[in-house]
Structure formats: structure tokens, C-alpha cells
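What follows is a set of structures for review.
Across the two complexes that follow, chain A remains constant while its partner is chain B and subsequently chain C.
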Partner chain A sequence: MNLRVEGVSFRYPSGVLALDGIDLAIPSGQLLAILGENGAGKTTLVKLFNGLLRPSQGKVYIGDWDSAEHTTAALARRVGFLFQNPDDQLFERTLAREVGYGPRNLGASEAEVKRRVARALKLVGLHDMADAHPYDLPQPQRKLLALAATIAMDTPILVLDEPTIGQDEVGRGAISRILTDLHRMGRTLIMISHDMDFCAEHAQRMLVMLNGKIHVEGTTEDVMGQTKKLDEAEVAPPQLVRLAQALKMPGTPLTVDDFVDEYKQWRKKKKSK
Partner chain B sequence: MRGGSIYIERSSGLHRLHPLTKVALTALCFASAAALPGLPWLLALFVGLLLPLAIWGRLTGAFLKACLLVVGPFVLSLTIIQGFFSGGETVLFNLGRFVFTQEGLLAGLTFAARLLVALGGTLLLMQSTPQPHLMQALTERGFPPRIAYVVLTAIQIFPSFQDRAQVIMDAQQARGLELQSGLLNRARLLLPMVGPLILGSVMDVSERAMALEARAFSSPARKTSLNTLADSLLQRALRWLLALAAAALLLWRLWSALQ
Partner chain C sequence: MIELKKFSYWYPGTEQSALDRVSLSIAEGEFIGIVGANGAGKSTLCYALSGFVPHFYNGETEGQHTFNGQDMASLDLGQLAGQVGLVFQNPFNQISGARFTVREEIAFGLENLGLPQNEMRARIDEALELVNIQDLAERSPFSVSGGQQQRIAIASILAMQPRVLVLDEPTSQLDPDGTRDVFTALSKLVSTRKITVILAEHKLEWLATFCDRVVALGGGKLRAEGSPQAVLSSEQMLRLGVGRTQYSEAAARLLRTKQLPVTLEQARKALK
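After this line comes the complex of A and B, so read on.
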């Protein structure tokens, strides 16, 4: 499902203009990363996608729905939202009940709830602990549980606010694998993250925000190559990109494999000269 | 004003007074509310002392508004209850077989005025004194720091509670929870809202306690305060005077009652 933002501005009651004339189209099945320093407007923007905030000006369309005509609970059928802190949502006695809470809110049949719970817990690797208490899990696993709860909503669009925050390498790897699977399933994924390596590795497209406006957007490779623009937005490219730039290598390698390949070619060319 | 704090930042002489001077003034207000004999005395104290202090503190609007908001409903209910049920000979009007008397009305208004004076003193203290300064003044006079911390935290927790409750509500709405009116619907919201709020707060408290201990909160050494509370001989004398006046008023009231 695609998502369109047309001429959106948002002003908080305090008077702060958090978004200023945003136009954006996210095609179905895309994996988009939204970057920017704190206060750039990233979270405000994504909160418009599921109606937690309403634009002061402009329109947000979720597929053919004008978000202004639907409640957040109704939009929850189309847009899933993973919050930064899992502890802001967990309250049930077991993992299975916690994951099933959203589908039950949407009126799914008990059999359907069971099916979604089992699939979501399997996807995040917590299926063996379905009857455990959520607070018996360590914090990084509670994040995976919150992600399972979001996945179980079965929404075509998923918004992930800082999915890797607080995760060790194992957790980061798990989230990486889950995103890859969800992307393969055709979900539209929108993530906000300060984890540049993670974004560079997974996002197809990037959008960098500055002072409530879109500062730069494009394919991940394009955006990562625009050092000056990234500097202006206080966004540091991943270490591999910076290393390549320091070596004056052509191209923008986003993964270790890309870097090794490009480095070999570059060395070969240099030697042949 | 937000959450548990009603302090209003202003640059005024009242704000600059030592917190304990204002505590002594509040004590005098409470003693006056309990001891002064009638409505004219109480109103005179409010108009002659508390109102000028509020003007001096540049708090007039907020002070009067808060007084009205809190005491207003009491004035109404007390005058109605006392007017109809406390008896008296001067009948003002009848409502069926119920009689509203002037004596009852006066008793209700006097009771409300006592509340007004006690509340007025407390409001002036709270609106012109940051809570940390009040606690600092008390701990400097031997009030246990642990209790001061508990009191302060209890007051300051409201804003963070509000913020957290909003995030939780957002998170549950994003999971399809429909916010509807009605008692049953509200009951349905309770667990998904209160559960994460309580659990999160307990975890916060535990982490905060560890962070405080890691920074020597329980150290028996005398703590150095970043903030110095200005005091003077005049204020100290004034405090004694206010405290003596409060004690004298209460003793006089007791003596009058025994006569």
C-alpha cells in the first residue's frame, strides 16, 4: 500500500512549527529510512501516518484513505507503529496475549488471532516463550515482543521508530533479519533511526530532515554520497562511506562486501595506471 | 503551572522572601482561620494582608482565580447547607418546608471565609516559592533529606506521569484501541493504560534510586547546596513575630472557649 503526504505542515500547540510544507510519496513495498538530528521533525512526520497527530495544513493519504477521515484506531488496520520504548505498551500476562491484543482490537476471529500470534512470535524468534510473562524478558527482547505485536496487526505499512536502539549485536541481527523478511513479504517499511550503518544496509531510499523540511532525499547510495548536505543536517554517513571518501574511492559502498569489491577494483585500476 | 507544581515565576519581593518566612505567614493564616471570631475579621485579614501580599508578589490574577476555583464551590455548598439546616430566627425565604435563615447564611459564609484565609496563606507560599527551595529551607533546619526527597518527587512526578500516559495512550491507539466515552469503554481502557504506567514508573523509581545512591545520596556528610537562600535578621525577627502571633491567637481562642 502506498502513502502520500501533500503540502503538510504541523504546528504544536506551543507554537513550534515542526513540519513545514512536506510533500512525499512512498510507493508500496518500499523500505524508507528517515534521518535527521533530534527535533528535525521525524517523529512528528510519522505520527501523522497513523493519525496520532493531525496536520495543521495539507493531507495525508494511506492508500485511498484520507487520514483526516479516520481515527487512529481505524488507521491501525493500515499502519502499524513500533514505538521506541516497548515498556510503553506491554501490559498483558503472557507474550501470546500481548501480541494478540492488537488483532483482537481489530475484531479478528479467535482462530485468526492465534494464527497471527504464532506467525509473529515465530518471525521474531520468541515462539518458544509464548506463555512467559513479558516482563520476564530482558529489555532488548521486550523490544522484539513489541515488534511482534506490531507485525501481528498485519498492516501493509509498518513504521518503526528507532528499531535497533538498546539492542546488542544479536538483537540487531534479529531485527535485520525480521526487516528483510517483512520487506520480502511486500510490506511498506518506514524506519526512523540514528543507526546509520543499519539504515545504509537496509534502506532502499532515504529522506533526511532538517528544521521540519525535507533536506535531501533519494536512493540510499545517492543520499549517502551527498556529504555536504548530510553535514548541514548533522547526519554522519556510515563509517564505510566515510572511509571510502577518505581514500578518495569512487562510489558509495554501503556494506562490507560492497566496500571490499569496490576497493579491489579501485586498487586494480590504480595499479594499472 | 503544570502537574503538581503551582509555582509561578515572577521577580518580586514576595518571591525573594526566605521560604520559612512564608511558612510562618501560612501558619499565622491557619491560626487566624481557626481563631478569628467572625466574618468581618476574616475578610479584613484577606483584604488587608493576603491580597496586598499577592499584589506585591505580582500574583493577583492567579491568586484570586485559584481562591475562587477552590473556595467558590465551598461557599455555595456551605451557605446552602448552613442556610437551610443550622437553624436561626431571621427567615430569609422558604423552599417548601425548608427555611433559609440569615444566621445559617452567616455561619456558612464564615466557614467559607476561614477556608479562604487558610487557603490564601498556602497559595501565597506555593505560588511564590519553588518546591526545591522550600525543601532546602526545611532540610537546612533539620528536616530529614529522605523525606524531603520523597515529598519533592511525589510533587514532581505528575508532569512525567502525564507525558508517559500520553505516550502509552498513543501506543495503545496505534494497536487499534478505540477511545470512546461511556463507563464500560473507559473501564476497558484501564488495564492497557494503567499497566504500563505503573510498571514503567516502578522501573523508573528503581533506576532513579540506584542513580542517586551511585552519587552518594545517603552520605552522612553535610550536603553543599548550589542554591543559597537569602535570609536576614529582619526576616528572622519577622518569623518569630509571626509564629508568636499565631500561638497567641490560638491561646486566645482556647481561653475564650474555656470562659
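After this line comes the complex of A and C, so read on.
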């Protein structure tokens, strides 16, 4: 499902203008990363997608819906939301009930709820703990649980706010696999993250925000190559891009494989000169 | 300064030890990084090094645990609190909730030290400046973002001017700018005041750039210890679920070298 933002501004009751004239089209099935320093407006923007906030000006379309004509509850059927802090969205007594809460609320049959719970818990690797209490899990695993609860809603669009925060290599690997799966299933994925190495590896497109505006947008390779723009937005390129720049090597390698290939070619060319 | 010898610790009611015969000696003025997968014992080691184990968390211990040569368990908690500060992983655990502004929140700990007003003010201003949140001083600690709360939690401990500062993933919610502010502030304190900093962290590139020594944990055991490059470049980090920097990963595919680079500068030199 696609998503369109037209001429959107948002002002908090405190008077802070958090979004200032945003135009954006996210096609169906895209994996988009939204970057920018703390306070740039990233979280405010994505909260408009599921109606947690409503624009002060402009329109947000979720597929063929004008979001202004739908309640937050209705929008939740189209846009799933993983909060930055998992504790903002966990309140049930067991993992299974937590993950089942959303689908049950949407009116899914018990058999369907069970199926979705099992699948979502399996995806995040918590299926052995279905009867545990969410708060018996350490925070990084609570984040995976919150992700399972978001997945179980089966929404065509998912928003993930800082999915890799506090995760170790194992957790990052799990989230990486889940994103790849969801992407393959054709879901539209929007991720906010400061984890540049992770974004560079997974996102197809990137959007960099600065002071409530879109500062630069494009394919991941294109955006990661725009050193000056990234500097202005206080976004550091991923390690491999920085290394390529430090070596004065051409290209914008986003994965270790890319880097290795580009490095070998570059050395060969250098030698033949 | 802080010494663990074959130290084991069990949380109350658990059979599996959270720390298993850990031996570690920390000298004054060191900047030490702790790495490990989630559940490896990083937080528990932070609690032990700051005295929260056994003073706040009960449970069973075995082995030696000393602070300046004295048994940690026998030390007076009040005295210890003046010398060692712990920044929790989750800023919610740190922020008192009993104060209305960030300035008052940071004053909370200082009030208990019985400092004169002007000394308190000076310390608060310095702490705010160190983590770069002067502009938040009059805001409510609950009206700011998670990253900003994390900076407030760090400032509230810095204002206490402990000789030893233990931080459990203090930058998890911070953007790269905020992370740089925190590492720079800590490094400045180590070099100018000779305080000891112990830091559990997943951000390997930052640890490699700033720390004197890195300790790796796995399953409650100490698995590796040494210079950041020696520890963080080793293949063992993959098995421990710590991972490696992409500099190390790229170099591992391109170079035959005894020690892989772990920082940008090391990688640039190795590959140029």
C-alpha cells in the first residue's frame, strides 16, 4: 500500500513547528529509512501516518484513504507502529496475550489469533516464551516482543521507530531477517534509525530531515554519497562509506561485499596506471 | 582501585550465576569498555564495579570484591556513593520524578551532599555543559525526548563528581552527535581529573576510539581482555554475539594481517 503526504505542517500546542511543508510519496512495497538528528521531526512525521497526530495543515493519504476521514483505530488496520520505547506499547500479562491483543481487537477469530501469535513470536525468536510475562524480558527482547505485536496486526504498512536500539549483534541479525521477510512479502516499511550501518544495508531509499523539513531524499546510494548535505543534517555516513572516502576511493559501498568488490577494482586500476 | 578475584554473583532466587569467576583489576584513571551480547552479564558487572552488587541487589556472592583494598560489602554505602556513580541503562530508572525542572533534578543528588548553594550551582552548570543540554535546564525532565533524558541522567551523576563513573549503555537512545558529546565529555574527565570510567556499550567504533582497554563477557564469564584493537578485531567477537566493526569485516576479506583494524583511521592506514 502506498502513502502520500501533501503540504503537511505540524505545530505542537507548545508552539514548536515540528514539520514545515512536507511533500512525500512512498510507493507500495518500499523500504524507506528516515534519518536526521534528534528533534529533526522524524517521529512527528511518522505519527501522522497512523493518526497518533493530525497535521495542522495539509493531507496524509494512506492508500486510497484521506487519513483525516478515518479514526486512529481504523488507521491502525493499515499502519502498524513499533514505538521507540517498547514499554509504551506493552501492557498484557503474557507474551501470547500481548501479541494477540491487536488481532483480537480487530475481530480476528480465536484460531486466526492463535495462528498469528505463533507466527509473529516465531519470527522474532520468542516462541519458547509465549507464557512468560513481558516484563520478565530484558528491554532489548521487549522491543522484539513489541515488534511481534506490530507484525501480528498484518498491516500493509509498518512504521518502525529505532528498531535496532539496544540490540546486540544477535538482535540486529533477527531484525535484519524480519525486515527482509516483510519486504519480500510486499509490505511498505518505514524505519527511523540512527543506526547508519543498518540503514545503508537495508533501505532502498532514504529521507534525511532537518528542522522539520526534508533536507535530501533519494536512493540509499545517492543519499549516502551526498557528504555535504549529510554534514548539514548532522548525519554521519555508514562506516564503509566513510572508509571509502578516507581512502579517496570512488563509489558509495553500502555492504561489505560492495566494499570488497569496489576496493579490488580500485586497486587494480591504480596499479595499471 | 576496584578489584574482582574469581568473583561470582547470583541474583536472589536464581541458580545460574550472572557473573562466573570474573577476575578483573581496574586502576585509577582508566577508561574501560565492556562488551558482550545481551544477557552476557554487562549490566551485572556494572552493578558489581559500582557496588550496587551487593549493596543494593542482594543475592549470593563468592570470591573477592574490593574497592581501594577494602572489602566492597563492608564499605559504608554513603561513603561509596560519594566516590562511585552509576548511570543506568534506562534513564527512567535514574530520573527521580520528584523534581520539576532538569536543573532541580540534577540538584537532587547534590542536596544530599550538603554543599553550599554557589558550589551546587557551579556543579550543575558544568554538568549541563559537559553533556551539552544547557538549553534544557528549566524544562521538565519528562517533557523531553528519550535521548535528552539519557543526557540528563548522565549529567545528574557527573554533578556528583564521583572518582569512578560506571555507565551502562549510556548512549543507546542518542544520535551520533549525542554519542560524540558523551564520549568526548567522559574522555575529557579521564584526562583532566583522572577519574576512572567504565562503560558498557554496543557501539564498537566509539569504544575502539576512546577506551584504553576493553573487556568482553559471554555467559557471565570474562572471555577476553586487552587493547580495543586486540579484543574487538578478534573472530571471537562474532561467536560472542558482539560483532565487529565493518572496518574489521571488510579488512578480514582483503588482508592477511595479524590484527585487523577496528577504527576508521586504522582501516585507512591498513588499506591505503
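One rule holds for everything that comes next: the second predicted complex is superposed on the first by the 273 of 273 C-alpha atoms of A that agree within 3 Å, B and C clash if a C-alpha of one lies under 4 Å from a C-alpha of the other, contacts with A are read in each partner's own complex, and residues count from 1 in each chain.
Heads up, the rule we're going with is that a residue touches a chain if its C-beta (ideal position, glycine included) is under 8 Å from a C-beta of that chain, and two chains touch if they have at least 3 such contacts.
Computed from a predicted model, the values in this text were never measured in an experiment.
In this superposed model built on chain A, chain B and chain C take up the same space, so to speak, and clash. In the superposition on chain A, A:135 contacts chain B only, with no contact to chain C.
Legend: residue contacts after superposition of the two complexes on their common chain; A:175 is shown touching neither chain B nor chain C.
Of the two partner chains placed by superposition, A:189 touches none, neither chain B nor chain C.
The wider contact with chain A, measured as residues touched, comes from C rather than the other of chain B and chain C. When the two structures are aligned on the shared chain, A:89 is found in touch with chain B, with no touch to chain C. In the superposition on chain A, A:72 makes contact with chain B only, not with chain C. When the two structures are aligned on the shared chain, A:149 is found in touch with chain B, with no touch to chain C.
In the superposition on chain A, contact of A:3 is made with neither chain B nor chain C. In the three-chain model built by superposing on chain A, chain B overlaps with chain C at stretch 112-120, while the rest of 112-120, 130-138, 220-228 or 256-264 show no clash.
Overlaid on A, the two complexes show chain B and chain C touching the same residues of chain A, namely 85.
Every residue of chain C that touches chain A in the complex is listed here, in rising order: 36-39, 89-90, 145-148, 169, 172-178, 202, 205, 238, 241-243, 245-247, 249-250, 253-254, 264-265, 267-268, 271-272. Within the complex, the chain A residues that touch chain B are 47, 50, 52, 71-73, 76-77, 79-81, 83, 85, 87-92, 101-102, 105-106, 135, 149-150, 153.
Residues of chain B that touch chain A in their complex: 164, 167-168, 170-179, 191-192, 195-196, 199-200, 203.
Note for the complex: chain A touches chain C at residues 37-39, 84-85, 138-141, 162, 165-172, 194, 196-197, 234-236, 238-240, 242-243, 246-247, 256, 259-260, 263-264.
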